[in-house]
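Structures given as structure tokens follow.
After this come two complexes, each holding chain A, first together with chain B and then together with chain C.
Our next item is the complex of A and B:
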């Protein structure tokens, strides 16, 4: 049974997300146009011309990136794709809030996460996009669905909200929405034409192994502790 | 609303399509009625004319590319000379080039030539090839699986459809499946049930986009291709789980839970051992990894050191689990769970699961080939290609021989098909293991082996390539690999020539009615 204030909570959440969506869509063209002129072409990663390919072995993956400027015809298509996938991400995000069935929420979450990965691909951040897919869409989400399937008592798990939870959620969402909108509106978005230096996977790996070695190791140890702790908790039952 | 399927089938009229499907259905029926008799009578002629038309299209594009290249490299037309493969020309530039060479109908031709530039045409051809291969691989792998299963069980497998050894069996099955009723169980979660097959199939298709079929035969040569393909193999599981859950059937949910459990655990050793060739090559780019193995079969990563060899075997076993093949086919174990996660599926949606499964088999075979077994190279010494070029001259024939036969998609696909065949062969010879054995073998056997291989490889990289230990292991493993291939070929030839003396055949002759 879905109570009345549960529905109201969903519409509150949906409204706040809609506000965020409006902000994002208003600002989307600015980010997209800055990106259009600046970043190298995605097609630069092709192996279609021979002289480029010969250089690949010398410079590694970075050689793929500094070959060409963005073509004149690519901008419109990219803006279109940006809007399509932004709408997908926001629509599925709204659907997570409105849906009452946990498994369906997980599927909408899958769509949202994949859509965000596509946004990363559109920004030529291939590595982050792929990691987004493999960690969130392929790993975390499966564990989430798995957890729902193992713990649910009835076949159709419903998700109902109590009045206190409604108030807490409303407060958190309002604060979050205001904070995000402030950042989105106030941020100084980069509009220069230069490509990002050191964005290849090799540079990323080198940075992790040199400059950021200590934080990297700390995170690894933390994850190990979490794993051992989870195993210990499971065993004590 | 009364569905037309609620009346018994005998009282049902012919299936009526409504809305936008109606003209499409009428068109399909018309095309079928017109083309069916022709296709049935002259298949050979159709094949030949298709080849001729393809050659003509390629020839026409060659001409167009040549013209565009000439315009782009002409400083009189274009301010700075550049390559047509680098940047698309504008319509105005093409117009200037046409006018300068006094081509007829420049006003019309400029718009006709503009969309035919290298990148767009390349992408369209590439998409067509990827999608075509994605469709052909499952069709023939399913037919082949049935043939291999038949031979292993001393029967013939499909023999009728199409003539020679039932080569068209899968096409007939496909047509049957498309024509079947699309049943959605009444108690199922309908939208999820409908969408799940696509969630399983689309990632398998996307994995093909980054598969390197040759040094220049790749749709998108991205720098993180390996991780992308692994991500796609991981995402494919979501479709299976959603299918099992949405079916609202206990067998399906069991299958889905086994899949989730198995996938989450086997991804760990699989990804760990894939780091071994990545460390050896120093990149995640599949093309660069493949090019690193160009110097003959002793440079193939699997044969360079014992840890890489162990990693290859471990990867192959883990990949069986990742595309749910026997002995890890618990998600659909047909002898205990009816059909596991796809129990409730029928028709086209059921076929999509099979497309996903067989395409994933090809993809994991492709990963094994690219990362461990010399990618698209034959394994001949690198001098062979140079020798062919010097013998025939640098012309289209020597390039064709080098690019297709010496190091090209033919070898890549042949090696992948070999791995598909090994997976089929394992399925029909090994029994399925229990879920606790699956998890035991992952966590307590394969994961430690994977870690040892990873640490061993990182230490092995300290040994220089001309050191005696390195060479000793390299040549011993290369000889072992060659011996294995020779033994397999020898056994296959022996089996082919002595098939009628083998146990299965003799047993068949003793059966009643023989």
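Our next item is the complex of A and C:
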């Protein structure tokens, strides 16, 4: 019985990881081709638009047309990938909610984090997607698993939750979800849906070193403090 | 339906956030609560990136991405400290069941 259960979980996990890999493979060529075909046109049009905005209405209109056309051609694949990975993220999130085993929860969290990273790629935030995979899925999750190993006598230890508490939490979270979804779906967000190329890593670095210099320095000091603090907290007497 | 927009991503982020809150509230294992916090932070991060993609008016702005980077860094820092605290908790009480940490309760 136990063995059977484990095998099923393993198949499920292998399936999810395969899905992730397939998504990455599908996404890679699409991003590359968009880069090759779209970048020069857009760059030129964009520069013109910026320099003499008043004189060159015609050029701006062409650029808009180009962008819209490209967005439409990539729309079907984008929708497919979005739904597949939305299902991955939400399904593994639900599995974390249901699971009572901490190791299994950590593994499902890995799937969730990877799915969110793919969503970052879909949203043209390539650098953040990579950072999400490296720091979150590669670093933070390993830290959590080390935490599990260091703080339990057996990896199969489980703490049962009272049924009443579960029901109360379920009701509260359902109300919260309904309220938030009502706002999110009903609100008239000021979207400006032009399919831009994602900002380059150079843009990102410039923003980090100019506009956001103070938060950047503050967060580096914070990391130092956290490193010392964690070492101090975890030291053996 | 097949035209993916801002609202689609916001719905996914909202559901991730709510599931994170549920995990935080219902798990008694301290590490499990930490996993819930990570889910909530990921939902917030997805929100930031989605708004950055759909509301910059065609300019290569990175404001939302910078915010998301800070969220990721803070999450890593928070996880490191929380795991250290969990280890102390375990050293003192020989368990990571947060319901047992009630020595200060009246």
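In this text, the second predicted complex is superposed on the first by the 129 of 237 C-alpha atoms of A that agree within 3 Å, B and C clash if a C-alpha of one lies under 4 Å from a C-alpha of the other, contacts with A are read in each partner's own complex, and residues count from 1 in each chain.
Operating definition for what follows: contacts are C-beta pairs under 8 Å (C-beta built on N, C-alpha and C of every residue); 3 or more make two chains touch, one makes a residue touch a chain.
Quantities reported herein were computed from a predicted structural model and do not represent experimental measurements.
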{"item": "First (chain B), second (chain C), both or neither touched by A:104", "value": "first"}
{"item": "Partner chain in contact with A:172 - chain B first, chain C second, else both or neither", "value": "second"}
{"item": "Partner chain(s) touched by A:143 [first = chain B, second = chain C, both, neither]", "value": "both"}
{"item": "Touched partner set for A:127, first chain B, second chain C, both or neither", "value": "both"}
{"item": "Chain B versus chain C as contact partner of A:229, first or second or both or neither", "value": "second"}
{"item": "In the superposition, chain B vs chain C on chain A residues touched", "value": "C"}
{"item": "Partner chain in contact with A:200 - chain B first, chain C second, else both or neither", "value": "both"}
{"item": "On chain A, the residue positions that both chain B and chain C contact, one per complex", "value": "67, 127, 131, 139, 143, 146, 150, 200"}
{"item": "Interfacial residue positions of chain B with respect to chain A in the complex", "value": "83, 85-88, 90, 118-119, 122, 189, 191-192, 195, 199, 215-216, 218, 220-224, 227-228, 230-232, 234-235, 237-238, 241-242, 245-246, 248, 253, 256-257, 260-261, 263-264, 267, 282-285, 287-288, 291"}
{"item": "Chain A residues within the chain B interface of the complex", "value": "43, 45-50, 53, 56-57, 60-61, 64, 67-69, 71-73, 101, 103-104, 107, 110, 114, 126-127, 130-131, 133-134, 137-139, 141-143, 145-146, 149-150, 155-156, 200-202"}
{"item": "Residue ranges of chain C in contact with chain A within the complex", "value": "1-12, 14-23, 25-32, 34-36, 38-39, 42, 45-46, 49-50, 52-63, 65-66, 68-70, 72-77, 79-90, 96-97, 99"}
{"item": "Contact footprint of chain C on chain A as seen in their complex", "value": "67, 75-76, 78-79, 82, 86, 89-90, 93-94, 96-97, 102, 105-106, 109, 112-113, 116, 119-120, 122-125, 127-128, 131-132, 135-136, 139-140, 143-144, 146-148, 150-152, 159, 161, 165-166, 169-170, 172-173, 176-177, 180-181, 184-185, 189-194, 196-200, 203-204, 207-208, 211-212, 215, 219, 222-223, 226-227, 229-231, 233-234"}
